[in-house]
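When the chains are written out, they are named A, B and C in that same order, and each has its own residue count from 1.
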Amino acid sequence: MGTYVLVHGAWHSGRELEQVARSIDAVGHKSFTPTIKGNRPTDSRDIGLAEAIQSIVDYLALNDLMDIVLVGHSYGGMIITGVADRCLDRIRRLVYWNAFVPNDGESLNDMLPPQYVELFEKIASERGDGSVVLPFPVWREAFINDADIETAQCAFSTLNPHPINTLRDRISLNVNPSEMQVPKSYVNCTEDISLPHHYPWHPRLSQKLGLFRLVQVPGSHELCFSNPTRLAQAIMDAGRD
Amino acid sequence: MGTYVLVHGAWHSGRELEQVARSIDAVGHKSFTPTIKGNRPTDSRDIGLAEAIQSIVDYLALNDLMDIVLVGHSYGGMIITGVADRCLDRIRRLVYWNAFVPNDGESLNDMLPPQYVELFEKIASERGDGSVVLPFPVWREAFINDADIETAQCAFSTLNPHPINTLRDRISLNVNPSEMQVPKSYVNCTEDISLPHHYPWHPRLSQKLGLFRLVQVPGSHELCFSNPTRLAQAIMDAGRD
Amino acid sequence: MGTYVLVHGAWHSGRELEQVARSIDAVGHKSFTPTIKGNRPTDSRDIGLAEAIQSIVDYLALNDLMDIVLVGHSYGGMIITGVADRCLDRIRRLVYWNAFVPNDGESLNDMLPPQYVELFEKIASERGDGSVVLPFPVWREAFINDADIETAQCAFSTLNPHPINTLRDRISLNVNPSEMQVPKSYVNCTEDISLPHHYPWHPRLSQKLGLFRLVQVPGSHELCFSNPTRLAQAIMDAGRD
């Protein structure tokens, strides 16, 4: 069976993917859910994208993980792309789950609509500690639109302030994703409206992968909370050979 | 539990939504299915959009309905937008179900492709009583494409001639939907081809709501006939807090 | 009950649709799965589109099939359009399943993205026998993305080299599909990425049918292998009156 490494999105940590990991492991795989540097409780929120990527490179080395299916959610797409550029030999397949796909020199902000960039900068400047948080109404209507209010509130309470530099920093890549010599998949949750409709995840970002496998699944951007079992199945359909 | 008011589309009446209402009430909610002025058996077909809207404003007042989830289907989107502009204090959430979303000064015809406007005007001028009807082949292939022929025919027989002025009249609003201080949802039936593909319901019309919750469900424009239970669930997913 | 004639796509033969046919027949219909000239084991690969179409016209005459639901998959859309132009009196409804829809004078290549035309011409010129084959990685990721690797490999082994002239030849039609006096349906598999995202099957090609019924079903371009029962149901939903 396979080895899955699940890399979370902005405001999340590895803990929020543990239920998904448990569903994947139930089939006989082995899953890992690291937390990216900058999202751990005691981390400084002043870190940037390069450090965040390096923390997952280090995690793979420390645990000597080989032949892995490397999965990235949302902001996690920045991370897995950077990791793949640095240690492709550890990776069997890349899986982007409603995730950003950067080319060399692009920042996450470059792929956001201007109104989100403005909103996040405004919130960060008010907070003044290098971090940004998400307003609850946006979370409830646009991120976790497929859950009931109790799940939405409970999930919101697990989120952590996100280091805004990781959204501003341009990624440095030797090879763009479409040229990386590794199979790639894109998991698209069909009710994900966290990005507005003229800035969709798929196909706007997915097609930057070149040849890739599409897996679609009903659900919002936060299917890890609203239906972790269904998400686990989609990730396994995306991650198999 | 909540109070749902279901506002039908053109050619329909409240009766065609009774099965949906029964499924919503089975969970413990209380549903209402008024018929808009102009679609009741003895109504003149010469009425316009303002009168149609006023009839639902009056209905809410007469029944003293407060804290309601106000749902509009298709043409019903014109109605609930006008109602919300006049008595927002009665409304907990607006739910558009494959519905038109007008800004101030827009008519339903402004959101239709030219070929439909032409077809409807031609039919109305032939009928000469202020009403328009839908040709059966268009109904069968493009409106109720997910049902068998018996359901399609039976549903067609319940339709009533629709007052064409309500499609021509421009709505008068103090506030556009995106600025209305109330939560909004959009239910999108994924096989709805009643509008052609370059004039889709979602995201062309849904995005006029500003921040909104998307709920998608398999089905045609007439899911109230082909699967009222599934539609009721989608409306409740859209209508909850 | 009805009569279904299922016309396969490029690289396929009628045999690959037999499981679908069996599911349709289980309901009480009668299905036929002819193999187009040029895809049979002993056929020359030098034949062109007109001969390919004629072979299905002849098949219908030989078997005296009347009142049929004529279904075409992918390249099979070229064939059923040509057949309908020649013997519309035999046809009750046309069903395009992720299929090409040509107007008079168009070739299949005219509806392909340039990179596919180039790839296929390159492969054909290397083979030198008038045929083209599909590289396995493209098949696995973009054609049969919803199956496991065993199904993908097994299905790949059943494919046959396809006569490239049938992709190059322009079809000659007296009447374009949108003007054909017969009901039409389009079955769209929602995870079909065999055509890239800016050259989609639906609505780019489906809308060339004029008024048509849309049926959508989860699955890849090769749902005949990954879930023949589900495909059969979609074809029957598309094929009924």
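Throughout what follows, a residue touches a chain if its C-beta (ideal position, glycine included) is under 8 Å from a C-beta of that chain, and two chains touch if they have at least 3 such contacts.
Predicted model only: the values in this text are computed from it and were never measured.
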Determine the shape of the graph in which chains are vertices and touching pairs are edges (line, ring, star, complete, other). complete
To lay chain B over its twin chain C by CA atoms, how big a turn is needed, in degrees to the nearest 5? 120
With chain centres defined as C-alpha means, what is the inter-centre distance between chain A and chain C in Å? 38
Using the touch definition from the top, which residues of chain B touch two or more other chains? none
Complex contacts: residues of chain C adjacent to chain B: 183, 202-203, 206-207, 211-216, 237, 240-241
Residues of chain B that touch chain C when the two form their complex: 137-138, 140-142, 145-146, 148-149, 190-191, 193, 196-198, 218
